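Following: one structure in structure tokens, then a few remarks.
Order of writing sets the chain letters: A, B, C, D and E. Residues in each chain are counted from 1.
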Amino acid sequence: MELRLTDIACARGGVPLIAGLSLTLRAGHALVLRGPNGCGKTTLLRTIAGLQPPLAGTVDLPPDAVAYAAHADGLKATLSVAENLRFWAAIYGGGDIAPALARMNLTDLAERAAQNLSAGQKRRLGLARLLVTARPVWVLDEPTVSLDAASVALFADAVRAHLAGGGLAVMATHIDLGLDEARTLDLTPYKAQRAGAGGADSFDEAFL
Amino acid sequence: MIALLTRDLRLALRAGGGFGLGLAFYLILAVLVPLGVGPEPTVLAAIAPGVLWVGALLACLLSLDRIFALDWEDGSLDLLATAPIPLEGVVTLKALAHWITTALPLVLAAPVLGVLLNLPAPAYGWLVLSLLLGTPALSVIGTFGAALTVGLKRGGLLLSLLVLPLYIPTLVYGAELVSRGALGLPVSTPLALLAGITAGSVALLPFASAAVLRINLR
Amino acid sequence: MASVWEYANPRKFMHTSDWLLPGVAWAAAVVTTVGLVWGFFFTPDDFRQGSTVKIVFLHVPSALMAINAWIMMLVASLIWVIRRHHVSALAAKAAAPAGLVMTAIALITGALWGQPIWGTWWVWDPRLTSFLILFLFYLGYIALWSSIEDPDTGADLTAVLCLVGSVFALLSRYAAFFWTQGLHQGASLSLQPGTRMDWAYKAPLYISMVGFGLIFLALVLLGTRTEIRARRMKALLTRERMN
Amino acid sequence: MIALLTRDLRLALRAGGGFGLGLAFYLILAVLVPLGVGPEPTVLAAIAPGVLWVGALLACLLSLDRIFALDWEDGSLDLLATAPIPLEGVVTLKALAHWITTALPLVLAAPVLGVLLNLPAPAYGWLVLSLLLGTPALSVIGTFGAALTVGLKRGGLLLSLLVLPLYIPTLVYGAELVSRGALGLPVSTPLALLAGITAGSVALLPFASAAVLRINLR
Amino acid sequence: MELRLTDIACARGGVPLIAGLSLTLRAGHALVLRGPNGCGKTTLLRTIAGLQPPLAGTVDLPPDAVAYAAHADGLKATLSVAENLRFWAAIYGGGDIAPALARMNLTDLAERAAQNLSAGQKRRLGLARLLVTARPVWVLDEPTVSLDAASVALFADAVRAHLAGGGLAVMATHIDLGLDEARTLDLTPYKAQRAGAGGADSFDEAFL
């Protein structure tokens, strides 16, 4: 199990944001992406998760390995916490939801409709979804937004357990995740310089 | 994968899920048409098959954008695309859920609304049969349109405009079947054509829908 | 004398309705049975309509109560808006399903009657049309109640809907009569009570009307009690959650 | 306060804003009805006034939930409620924006669609006049319904169900006006009643709408 | 200019969350609310902003003084940054948007449609809206979510300028706002104990 990015470039809305990024992440390791607002962290994570193709370079990953969690948690407001989680567990091949609920401290809220959760409780539910996927590669976009200190610690524990179980994780954040052992990568040096450099869209190039 | 179907059905049945939306629209149409057109039973009887079919079609059309839009907005569609189930399966189940929650209630309600519109007695059986045969095509075609427009900014409008021409053959044969049935004319030709359209779309369109969905998500 | 408003206290209301409800329910059962049995079995057949005329003993009382239920809802909503007595809002809520059932009975019996008399289940006669519209009003009102979580918000919103809806219901009724001028076929066939109906029909008809009124009252009392219990349950659950 | 109106108009005109949605629906209906009902000119001419009015009404009905729902979802409505403009003004401007973006295009398109439906020649003027007079009432009544259901879980369905009975008088007088105009009968009574309903709703309903909006926001 | 809460209790979904909270905040001062997820910070802020009535107690504030900013920024995705801001400026009585754009470092993005902003850029736009309202009382719910360090500093500067100009601010957050001078209030001690305490719904009480 390994994630390898080779000379990746990616763009959003036709504007190249990141270029020339190569890295390898082995099982049991975590990577934290940092960088100022709008530098392309979300875009890079979507590329890794396979939701958009890279402008150049390759993403090497075993198939069906990624669990992605973004700002939108994919929760259905009218379903209860347990129902939401059970659905995702079933989609990813069944499995019990009780440990995930317990781990994210949601057991008491299991029967509450998702719309009646507070911001932090919603986010915890979004993270519990990761646990039921049983996928080895976690790709997380600002996972600890709205979480209080205790919940951030729960999250860090969950990530550590995931790494210990042979998984790996890539996360973007602006705040402290409580994961000191994770490698940090600042994306600023990989900013795409000009359309010409680092693999701009070759089709558009033909018009320049 | 059945989890997706049960979730969609459950969501539709929950408050706000839109179950009954199509039905309410159908009922509304059946009440408004006589109020607008006037109460003469002969006029109503003449237009009843057409109005009932147009109503069912519009009710389907109007609920299409719920098929993918909600999952798109809350991020579920992204997550489903990275999940270990084929997109062909996802679109088929979505179409099935749409049929069960929207089209099936219409089929069941149609005879009752036929009473309001003075539908001639011999036509009731044909009405139900034609809707039962035709609505699966409406759901599958509609799912294709919804997949084509998911995430687009002008979704609703575009969706109607795209799907409408695709719906026309189904409408024409369906309404024709009921009109002929009402007059006691032979119905085998429209019946066969309607069944053919439905069989063809159900068998082939899911592949097209999955393909466009994949393009849209990227 | 104690003010009637003291029945706005849920406890007082529960206490009073405790002994009132069984009496009303029994009276409703007895009076309705008497009226219907008399009407169905001990009245002569009409010379033109035959025995189908007997459906009038179900049709007219239910139609009457369908309208009265709406009027009661209107009054109860006004009381809620002006004096904010919770019991009155809950009574309005309880009256709606009862009114809906009455409307449905009137529509169904009318349709059953229409089949032999007019040869069709349904015509867009103004009276029938305005009843269908009333049915839709009930449906909307009940649906609005059931989709709001907070009880006070629900009471406020449904009260405004009831007030505005009443105005439009009147307008609709007037519009329906305007719309089919010269077209409708209903009145000429129907019996006019007082003019052509004699006491052999009138007496059981009035008895069934009273019976239906009592049924409605019993349903409203029962419904209000259920609503009050539901509120109490919710309050208890909340209290439990806090501890 | 005029800023609210210009913003709503601009949003409607931007991609995805829903401008033209009602118009597209109206067009679709006018195309589908002859396809479903059959092409006989006399039948079409008889039902044309009613169908054109029902279509306009449905097109308004279907665009109602956009009036407040979008502002509710993105939090603008909360912010507007704490802003220094009266809610009565907000609902009036919202209704006006709905009328301009949805109803006005319908009024302009109606004569064209009348041609598709074989509307008799003398009725065209009355059609436009009746829609011009009646649609403001539809927008104002619809805004009331939208305010009543904003933030509710069963929004769309409930909204149609609540607003439909309120629309009936307008529909009856409007369609009657056109039918009479088509036959050359006197039209002053429905004209006066239609104008009365519109004037009454425009003058009074905004207060009710603001009241229910306030209740819903708390 | 003063904000005074007297023996406030507030509830969400019929469940009392906070009870017995009294406080006074003078012009020029800021208050930061803290507390675990789901303790009622959002609910309290909505009560202060007048969006929901308190269960008991009173909120004393001059009329039309509050500018409220929640998780939802009230942005229209299809309008540009400048258009969004100009709208709110017009609603609050006109005023120039250029200083607000400059202060939140959005001048370069002024013509970008709001839907094409990154998470942090959207949030900056939401904060710029506060500046154009010219309202003295800011009520902010997790204002620095998704902001990078530089933007958090911009925000802190904006709040300081607002306080210096005679305003006041109440904010809920889980992370550091960079406002060391602000008073911090932990809401944990004000948790509503039982329905009977601190002003539960008196009607419900009548049933018990």
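Criterion: contacts are C-beta pairs under 8 Å (C-beta built on N, C-alpha and C of every residue); 3 or more make two chains touch, one makes a residue touch a chain.
A quick note: this is a predicted structure, and the numbers were derived from the prediction, not measured.
Asker: Between D-E and B-C, which chain pair is linked by more C-beta pairs in contact?
Answerer: Of D-E and B-C, more C-beta pairs in contact link D-E.
Asker: Among the chains, which one keeps its Cα centre farthest from the Cα centre of chain A?
Answerer: In terms of C-alpha centroids, the chain at the greatest distance from chain A is C.
Asker: If you average the CA atoms of chain A and of chain E, how many Å lie between those two points?
Answerer: Whole-Å distance between the two chain centres: 29.
Asker: When the C-alpha atoms of chain B and chain D are each averaged to a single point, how far apart are the two points in Å?
Answerer: Taking the average C-alpha coordinate of chain B and of chain D, the gap between them is 25 Å.
Asker: Hey, how far is the Cα centre of chain B from the one of chain E, in Å?
Answerer: 45
Asker: From the C-alpha centre of chain C to that of chain D, how far is it in Å?
Answerer: 32
Asker: Provide the list of chain E residues touching at least two other chains, using ranges where the numbers run on.
Answerer: Chain E, residues with two or more chain partners: 13, 71, 78.
Asker: What parts of chain B, by residue number, touch at least two of the other chains?
Answerer: 14-16, 31, 35, 38, 153
Asker: Hunt down the residues of chain C that sit against at least two other chains at once, touch-wise.
Answerer: 133, 136, 147, 179
Asker: Taking the complex as given, what residues does chain E use to touch chain A?
Answerer: Those in contact with chain A are residues 13, 35-38, 42, 71, 116-121, 124, 142, 145-151, 174-175.
Asker: Residues of chain E touching chain D in their complex?
Answerer: 49-53, 64, 66-68, 70-79, 83, 86-88, 90-93, 129
Asker: So in the complex, which bits of chain D are touching chain E?
Answerer: 1-4, 7, 10-11, 14-17, 73-76, 78-85, 217-218
Asker: Show which residues of chain B lie in contact with chain C when the two form their complex.
Answerer: Contacts found on chain B: 15-16, 31, 34-35, 38-41, 44, 115-116, 118.
Asker: Mind pulling up the chain D residues that touch chain B in the complex?
Answerer: 14-16, 18, 20-21, 24-25, 28-29, 31-33, 35-38, 43, 46-47, 49-51, 53-54, 57-58, 61-62, 152-157, 160-161, 164, 168, 171-172, 175, 179
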